[in-house]
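To keep things simple, chains are lettered A, B, C and D as they appear, and every chain counts its residues starting from 1.
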Amino acid sequence: MKVKEGDRVLILSPDEKTYLVAVHEGKSIGTHLGEVPVGDAIGMEYGERIYSHLRHPFLVLEPTLEDRMVKVKRHTQIIYPKDAGLMLLKCGITSGMRVVECGTGSGALTIALANAVAPDGKVYTYDRREEFLENARQNVENAGYSDYVEFKLREAQEGFDEEGIDVAIIDLPSPWDGIPAAARALRGGGRIASLSPTYNQVERCVERLIEEGFVLVETLEVLVRNIRVAKGKTRPVDRMVSHTGFLTFGRKALPEVESSSD
Amino acid sequence: MKVKEGDRVLILSPDEKTYLVAVHEGKSIGTHLGEVPVGDAIGMEYGERIYSHLRHPFLVLEPTLEDRMVKVKRHTQIIYPKDAGLMLLKCGITSGMRVVECGTGSGALTIALANAVAPDGKVYTYDRREEFLENARQNVENAGYSDYVEFKLREAQEGFDEEGIDVAIIDLPSPWDGIPAAARALRGGGRIASLSPTYNQVERCVERLIEEGFVLVETLEVLVRNIRVAKGKTRPVDRMVSHTGFLTFGRKALPEVESSSD
Amino acid sequence: MKVKEGDRVLILSPDEKTYLVAVHEGKSIGTHLGEVPVGDAIGMEYGERIYSHLRHPFLVLEPTLEDRMVKVKRHTQIIYPKDAGLMLLKCGITSGMRVVECGTGSGALTIALANAVAPDGKVYTYDRREEFLENARQNVENAGYSDYVEFKLREAQEGFDEEGIDVAIIDLPSPWDGIPAAARALRGGGRIASLSPTYNQVERCVERLIEEGFVLVETLEVLVRNIRVAKGKTRPVDRMVSHTGFLTFGRKALPEVESSSD
Amino acid sequence: MKVKEGDRVLILSPDEKTYLVAVHEGKSIGTHLGEVPVGDAIGMEYGERIYSHLRHPFLVLEPTLEDRMVKVKRHTQIIYPKDAGLMLLKCGITSGMRVVECGTGSGALTIALANAVAPDGKVYTYDRREEFLENARQNVENAGYSDYVEFKLREAQEGFDEEGIDVAIIDLPSPWDGIPAAARALRGGGRIASLSPTYNQVERCVERLIEEGFVLVETLEVLVRNIRVAKGKTRPVDRMVSHTGFLTFGRKALPEVESSSD
């Protein structure tokens, strides 16, 4: 896999700082270890090196999904990979699915969703704040996922255009505002996931999900603890992120039909 | 989406017990709430109900990736979704990729990997224990991912057949046994991930990764804490899984060429 | 330190099961490794052995404060040592202090409080359930702390008899019921601590503390994770207690006097 | 309880910053809210207020054990209250006991131990670094516990002067260096506790404890997670201390005497 003009690559300094940059002929970036001629990466294999003008080697790496998510330009707090990873699995989001995301934010989760539904599925992402949507659109384009995403400027309460969707993701300060619309848009057996920082939001969100007939409703939080590994001195790191948010999941049951037990 | 003969569906009892079963005309399963005629699900929409002979309603749901993973027939401890989810993201595994898995175990992670690389990629999974490989093969087939997986009976130390792979996953009691072969099989910039329960394994694994020239080496653990949500009585649950394993990640740098800095 | 008739000792089997028993001349207890003549411990040093009739050695140990707490006869969930330990430190409970405990329960925390205030202080413990109080009284007596504890059968809302106390501990389903009475009983600068399992209790408790003028109000939870240490195979244990309760602390400010700034 | 000349008090600003200061006639301290005449606290009740020259009220509070520990002048990382609290309980340290501490550091744990053994017990604390010992001596004196502590300048391997002690606390980079001496100094049934940041230390420490015949050996870590409580917006805080150290405990069995089972 050779790097081409316009590709976004992850540049890694010898002291393991990372830079996600689009490479263009003649382009260079300033770093604490000198000017790095990132244009020189064109035509290279990933895993090769370019050199700063101070002759420090910088590795040319392919951005992972995590890199693309955490390096978005942020207008808001973005979802953490720890949360996104479990959300994708528990919602069973996979190639070909149609997903509604309510609360685009900076688009980090949009990128993860687009990656999961590509190449045949689609993400419909809604936000009521135009400047956020515009920033997210740029982030998604930079990450190379524009083909799989439609951006819509709208309030959650106004409902979604889609029907029969597979998964709805709610990332709103008032998640309950998006739940009725999500319940209508979801097909039978479709999954919903909501991310909220406070227990109060979770409590009200779960209550609303149960009112709407969702089943297998569960709430959890994901914690990641880094380990500092060094021969003879291995230990958990001193500090960690304690809390990003609670994740709530559910699946849509269709309304019981009266005559079904006759 | 209607259920068809032979589909594997998730049956949900009114008290939220789940059964992952293949549906066949006339088939029924025994439950604590009576015999459930799962064959009746054929032709239904997901989210609809079938009734036990005691007239309890059972929902017909589509299995998520998580359901397919945790419901495999186990010969070994399987990977937890919390670990698999983050692993997929951090390794950037996506549609079209070629992945080597070393230590097939019961095939739960194989299913997650196959789901991520489908429809155009491939998972090559190695295990030295024939009966485990056979069980995993069955599990992968049941989950519907056989097209994306090749099973190989072999010791890690004997090396892999593939070259230029995107990602290598090591799930061995002695992860260092698989690292040199993985380093050879990976393309430049390719990712490696290893899962081990003990600190000692992690320490030796990281040491070996660094010797082999991997960069961005990091180790972490993922914890999931369930929250019991009830109006006015919301709290973390009493007990949780404290530890499954440590995850170690790295990326392959190509060897530095002598003349590159001339 | 020799064991005397009537002492309560901790008997440890070779496979590390523990028995907290009062020793009496001629007494023996049944165990999975045979009858153990605990009366033989009289006159021994702690750390010596007695033998079951099957000739298995059992160690005679002195109960620690933790042993005395966790081995009480339980009518209720008892406080965990992890919570009690931090509570004692943060409340600064020390020899000679006067402490009110509201919600005696099984008396495990009462024992820890009594141990901290002995030999010159006193614990006044209130519970509205007579049979719980009687059980706790027996537990405290068994642990040897009766001299430092007064038991009172009363509802929290009826107030406490004491004034100018140093510390108030609230362990009630409705902690706010005990806070006004505690605020009146505490001297200026006195500490309050409350233990509650749910977020909802914590939220209302903190609100009430602030209304009553408490300062340095903080809420936290304590988690303990056991490590399985074995040469070359060291790792956190598989499962842990995820949640016992949240601890809330505060200190009493005296009301501001109008003329104080003249 | 009135404040007297020379008492150390905790001064609390309106925005909840704390200052631990000795009060003397005419003394004042500079704060971000103006000069605070702490000498004015003399004769006041705890819980009353003094005013800065900018007329901001500052509360006069009594330092808790936690305050005295965390406000020591530090030459080293000090033990966290979360760890000290559980250590005191599990070691069963109580009034009248004799405790050896090996690795005085800044004396924070020394203060907690002295508080627990007062008024009739004694803490013998050893450190090989003279300047640390001097700093710790000053910290212990400031906290008011000098009567209960003896400071000794010595390496752990040289052994302790005491015999028949109740508890030994090891806080050394090489805890195994102190274990044989501790085993000799402890009475039968006496407790040992060791605090170490790395799993490698723990592994070797546990191995040595077992060689020395300690029983009920266990290792754990304590985590504290703060909760931000606000009406309708309650949640765990964003960041937390992930790791301070592992705690290892054991109890001393006396050597088995040959003839004991005759």
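FYI, contacts are C-beta pairs under 8 Å (C-beta built on N, C-alpha and C of every residue); 3 or more make two chains touch, one makes a residue touch a chain.
All of these numbers come straight from a predicted model, not from anything done at the bench.
The angle needed to superpose chain A on chain C by their Cα atoms is 180 degrees, rounded to the nearest 5.
In summary, the pair chain B and chain C forms a contact in which both copies contribute largely the same residue numbers, shared numbers making up over half of all those used.
The distance from the centre of chain A to the centre of chain C, with each centre set as the mean of the Cα atoms, comes to 46 Å. Each chain gets a centre from the mean of its Cα atoms; for chain A and chain D, those two points are 45 Å apart. Measuring from the averaged C-alpha position of chain C to that of chain D gives a distance of 20 Å.
Residue numbers of chain A whose C-beta contacts span two or more other chains: 199-200, 203, 225-226, 234. Residue ranges on chain C touching chain D, taken from their complex, read 1, 12, 16, 18, 45-49, 51, 55, 57, 59-67, 69, 81-82, 84-95, 112, 115, 118-119, 187-191, 199, 202-203, 206-207, 215-227, 229-231, 234, 246, 248, 251-254, 256, 260-261. Considering their complex, residues 197-200, 225-226, 232-244 of chain A touch chain D.
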